[in-house]
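In the two complexes that follow, chain A is the common piece, with chain B as its partner first and chain C second.
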Partner chain A sequence: MDLQIALLLGQDGIVNGAVYGLMALALVLVFSVTRVIFIPQGEFVAFGALSMAMLQAGRVPPTLWLLLVIAGAALLVEAWRWKRGVAVDWRATLVWAVAFPLLAAVFIVVNPLWWPGSLVAQAITTLLVITPLGPLLYRLAYRPLADASVLVLLIVSVALHGILVGLGLLFFGAEGSRTPAFSEARFDVSGVQVTGQSLVVVGVALVLVILMFLFFERSIVGKALRATALNRVGARLMGIPTDLSGDISFALAALIGGVSGLLIAPLTTVYYDTGFLIGLKGFVAAIVGGLASYPLALVGALIVGQLESFSSFWASAFKEVIVFTLIIPVLWWRSLRSHHVEDEA
Partner chain B sequence: MSARQITLACVFAFALAWGFLPDFTVSVLANIGLFSLVAAGLVMLTGVGGMTSFGQAAFVGVGAYATAWVCTSPGVAAALGLNPALLPWIGLALGMVLTFAIAWALGAVTLKLSGHYLPLCTIAWGLSIFYLFGNLEFLGGHSGITGLPALSVAGVSLASPRALGIVVWVVLLVALWALHNLLDSREGRAIRALKTSRVMAESMGVDTAHYRIKVFVLAALLAAVSGWLYAHLQRFVNPTPFNLNIGIEYLFMAVVGGAGHLWGAVLGATLITLLKEQLQDLLPKLLGSSGNFEVIVFGLLMLFVLQRFAEGLWPSAARIARRWLRPSRSSVALHAGAALSQRKLPAKGKVLLEAREVTKRFGGLVANSQVTMDVQAGEVHALIGPNGAGKSTFFNMISGVDAPTTGEVRLMDKPMLGRPSRAFAALGLGRTFQHVRLLAERSVLENVALGAHRRGHRGWLASMLRLDRAEESALLAEARRQIERCGLAEHVDSPAGSLSLGQQRVVEIARALAGQPAVLLLDEPAAGLRHLEKRALAVLLDQLRSEGLGILVVEHDMEFVMNIADRVTVLEFGAVIARGTPAEVQCNPLVLDAYLGGSEEPLGVAA
Partner chain C sequence: MKLIRPIAALLAACSASVAFADINVGVTVSATGPAASLGIPEKNTVALMPKTIAGQKINYIVLDDASDTTAAVANTRKLLSESKVDVILGSTTTPNSLAMIDVVSEAQVPMISMAASARIVEPQDAKKRWVFKTPQNDIMMSLAIAEHMANAGVKTVGFIGFSDAYGEGWFQEFSKAADLKKLKVGVSERYARTDTSVTGQVLKLISAKPDAILIAGAGTPAALPQKALKERGYTGKIYQTHGVANADFLRVGGKDVEGTYLPAGPVLVAEQLPASHPLKKSAMAYVAAYEAAYGKGSVSAFGAHAWDTGVLLAAAVPAALKKAQPGTPEFRAALRDALEQLKEVPGAHGIFNMSAGDHLGLDQRARVTVKIENGAWKYQP
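Coming up: the complex of A and B.
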């Protein structure tokens, strides 16, 4: 290997690491607020990328039908709860189950008429379809079990992952898709080719990280989410609706997933099951931070990205094995620092 | 009829019918048996032990590939120079050794941490091994290994599924019997505590991390045996049946069937296998394309079961069946003669437990500041103080649940800094919890018997093979004696959760006594007790004191404390503000201020 190749691999690793970092961010967010280990996070990536590809091919992405069906199911569930005398937050319900799906449908109809071929309009449409999937899935799958153990919630996640991957195959078929880059620019930095798309990926990832930071540090909703993460019951006693925090954290996770899908689709061919591996690598990164620390998770993501990129050069058949084996030393290191037994919530 | 008779009758009918079933049914049943074996391990892991794994298919793969490699690699046969009929057994041994090593290593790095790291790790492991199988040349890559020999036992070839199916089901039934025995033993009580009550189990002397690893290894070994049988049934292996999706399917079997019940594994494996068969025909026709769509239905089924039948389907089925069944009698006959370990109690007046200048900080908050006190043999020492004075924090530090920031704790003259609470239990410390920690669904007898955990010694194998019965009956007799002593004789067989809160506290005392402690720490034992029950408790404590136990009581009921205690220590704002006999403490002005709020300034060392 010469320096040229090393720089190229390093660049690849940073770009992939940025996407894994976004995954890790979403996973830490969802876990700390709702105790859900959100295995299906990667499915949002695949759904985002493949929906975008469908829009570009001038077809209606089947994810819209999925959205409409689960929005209808969520409305039915809320109406049933309301009839049984449970207090229902209708405003939030209408936003996720009516406003977003309507807006998404309208966008899909008017897109080809008003902004034919516009990448930005297609990207916005995709995000309008993907984002509400988060809170709606939360309401249907997890909320009835909100007081269950982390283990049961994890099993729910795996079941949901199965459902979504199966649907992904049904919607998009076994063939993969690739979308055109947001930027075709190419730079030559001292002999190393840097593509505009990789700058877009790193830039968007950085902007999202900064926005998330501002959201959690500065906004009242962000602070409420942090309070819920620290102490659910205490937050509820302080008047923070914990259902709302579930909605918002899942919406953010879906949004981040959708954005990641848009970012990687021009770089690599995305298949219906590609998201799972991306999400899992996000997990490896998040585990570096103990599923709790955002900065450590980002560091973990960069390590995962580099490890993957360099092992694809030296031992490409064993790339995945090497990346996933990384969690063994990480967990071993964490277990050395844990002494006292705690009961599981 | 009792449940046991029904089970035996079913097994007998099944055995009679085996020879007459059509070939296709036989091979489906053989597969169900193989899946049930894996699912039974997951029941132990998930429903009983409170852990889970998505990577069991990978362990099945290790078992299958180990024997496939041993039986087909020309190098192995030449190196060993054995009769080829013996090679499958070498393969079995290799599979078991590999599985043991991998499972132990995975367990050791994850099981000291919170429960979700193990399943996450098994996902990574399940994926990795699949890629590994597919990429290793000597394992045949993605096309796998063909031409495995059939098993033969004592010259009888087990080539047909009908013959090998018998072996599969015999192995399964023996495994279920052994697991059932294991759960119905001293070790089983400890395993059941892993799911919800690890802190309590540690205080009873159970090394919970070690037990968790052992349960995980056990489940992995069952999967490896299933893989070994699978390889010799199919006579061919490739990576596909060992990938992560299949690992997840195994978990579906356990959860749908009933993750807390061994027969739930068989029920779940049967349902999922039959359903899969149907769906693989039906769905592609319905959806107009081919693919692995049954996972959608399985996922929805799983969500439905978890949301509506959290315990799985087996308990619901069993509830209906119970209307017609006689309850089975306990299998423990009264054996005589097995002696439990006895502890020699120290002489009266000897210092048993000692805290020196113990300080505990949580960030900026000082919960305990320079607390010094001791407990001597043959006394009742009461620790009192207003709410939030730091009593429970102190209690946790002198019982090893938490470590002090600075200061020293000595038990039986040994420094205990950084030792886990099971080490405290080993030296003769028994305790109760302020928030009752019982296994609510298990009987009072089983809960109390867990307290005597350290006094028995028979291990997992002995329990599985029922070689522990003499010791078990001695343990249960000891538990019964302590329950009677604490006045709960008529509740021995009731589920602990059905008792009143006050009675549950007494169960905790009986559990602590079953460990034959030298020091007894009681956290608010009289809370929730009625007047007569309090009096009975006072009599019991008095009796224990005269036997030479050192007793430390945290209690808010002043009448109770002042009547029973020899010495009283008063905490406020984390620091000791007074100590002495009950009479001295009662007229100490600082104590009166603390309790009646006479002064504006906080007393003692402010936080």
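Coming up: the complex of A and C.
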């Protein structure tokens, strides 16, 4: 192994680590706000990538029908609750269950007419389809159980993962797809090739991380989310609508998942079940951050990316074993230095 | 009105499972899960199999095992105990098929597997005497590759395969074949079907500078190492296995898989076979039947393995019917004996000559060399 190979491996590790980092951020966000270990996070990646591939093939992605169906179901549930006298936040409901699906449908119809073959327009369409899936799934699957234990929420996550993977197979078939790169550029940095697409991946990941940082530090909604994460009951007493925080955190998670899907689809073949493993590696990274710290989760993601890249060179048969074994020393180390406090639930 | 038909079909299926006149065929394939790209065309093919053989009605009971070993065994038990099947077809993958052997041999029901590994039927013993299979053994395909490499002047070979039974089996078989042809297998790397990057493995392969590289993967995931090899500027020959023989591999691989050589069953290039080829007619029969039902260009080599199980069945059932009534242990034993005595039965993938020691029965006629040219499979005479 010479320096050039080490540099190439390091570069590969950074690109993969960036995607795992985005996954880890979404998992930490969802867990800290709603206590849900969001296993289906990876499915947004696969759905995003494959919907994009379908749009490029000039077909209507079946995820749109999924969106319309669960939007309809969410509206029915809200109407039923309203009839029973529960206060319903109709404004948020209409945004997720009517405005977004309509906008997505309009985009899918006008896209080929106005911007035929435009990657950016297709990417925006894909995100319009994927993002509302987050809050709508939250409303249907998790909100009725918002006060249940972490374990019950985890079981719901596993079930939802199974359903979404099955739907993925039904929608996209067993074979994978690739999409063209956002950038075909190639640079030669002192003998090491750097592809434009890998710069796009790292760049977009960085921008998303900075945007999330600003969102949580500066905006009132972000601060409300942090307050809910810190103490759900306390936040509610202070007048923060905790249901709304669930909506927003799931929407962000779905958006991040969709973006990650768009980023990796040109780098590798994406299958209906590819997302699970990406999400799982993001989960390992999130564990490094104790499912609470964003910066530590990002560090964890970079470690996972590098570990994966270098172990694929030295011991390719044991790559996954090495990556997932990382979780054991990390958990041991965390258990040494943190005292466990039971959640209020 | 719409409901009546399925209900009638259901009733028919229920009554059929008790009626002794019909032959019940249990099928378990991996229509979902990791092996779905193989299992789906197999499931589609079962729908095209003969509905009657020698005047006897055939009932197919098709279950999905989700590429899961436990589910395959559970399906087998269910088919044996509830549907009282006379023969079992399946499953798609080698681990599933191996796990089913104990169950079928205990119930003394013949089974025809659609999975590739030679271990399913070799060595023949008291249990495996009930088991047959249709896909070519890996050693046959390995030999074809090694032969082609030797003829093309290749001396050193790099290997990258799936980190599962498929890749491991291929590595063992190919190492044997390479020894015979005096090829040196240098680096051997592994990757997982779900991997999103193989940069590490590919860098290691390229730094060893082999004359040719063999990629042992199945379906579209086998395109990933080849794309990475091209991206990193590898210019040697690249070989794939017959596991990639479907249209999706060409779609995903695009221009990066141009010029690849692979061994395959003749059915893959049925239309290009010369009229004198012994398999032209039987292979075209499958292609025509499948494309008539599912559209032009939809046919894959995997479904043809399922088709061949039906071909074997159609050839063996008449002999068994002469000895016993369907639904009886005698019939099942007679069916097993009949399968073992099949001679010169032309299927989609090859011509079957079974014997007590060989429950596959394929020979050199069951493989051709194929090159990928202009995004299509090209028969290499």
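To be clear about the criterion, the second predicted complex is superposed on the first by the 338 of 345 C-alpha atoms of A that agree within 3 Å, B and C clash if a C-alpha of one lies under 4 Å from a C-alpha of the other, contacts with A are read in each partner's own complex, and residues count from 1 in each chain.
The working rule: a residue touches a chain if its C-beta (ideal position, glycine included) is under 8 Å from a C-beta of that chain, and two chains touch if they have at least 3 such contacts.
Source: prediction; values computed, not measured.
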item: First (chain B), second (chain C), both or neither touched by A:Asn16; value: second
item: Contacts of A:Ile5 with chain B and chain C, given as first, second, both or neither; value: second
item: Which of chain B and chain C A:Ser177 touches, first, second, both or neither; value: second
item: First (chain B), second (chain C), both or neither touched by A:Val150; value: first
item: Which of chain B and chain C A:Leu206 touches, first, second, both or neither; value: neither
item: Partner chain(s) touched by A:Leu267 [first = chain B, second = chain C, both, neither]; value: second
item: Touching partner for A:Ala317 - first (chain B), second (chain C), both, neither; value: both
item: Which of chain B and chain C A:Leu160 touches, first, second, both or neither; value: first
item: Chain A residues touched by each partner, larger count belonging to chain B or chain C; value: B
item: First (chain B), second (chain C), both or neither touched by A:Leu214; value: neither
item: Shared contact residues on chain A - chain B and chain C; value: 166, 169, 173-174, 277, 317, 320
item: Residues of chain B touching chain A in the complex; value: 46, 50-52, 54, 105-106, 108-110, 112-117, 119-121, 123-125, 127-128, 131-132, 135, 195-199, 202, 208-209, 245, 248, 251-252, 255, 287, 289, 291-296, 298-300, 302-303, 306-307, 310, 401-403, 418, 420-421
item: Complex contact set, residues of chain A against chain B; value: 37, 39, 141, 144-145, 148-152, 154-156, 158-163, 165-167, 169-170, 173-174, 277, 280, 283-284, 287, 291, 317-318, 320-321, 324-325, 327-328, 331-332, 334-335, 338-344
item: Interfacial residue positions of chain C with respect to chain A in the complex; value: 32, 34, 36-37, 39-40, 163, 189-192, 194-201, 203-204, 207, 219-221, 223-224, 246, 248, 251-252, 254
item: Residue numbers on chain A that touch chain C, as the complex places them; value: 5, 8-9, 12, 15-16, 19, 166, 169, 173-178, 264, 267-269, 271, 273-274, 276-278, 308-314, 316-317, 319-320
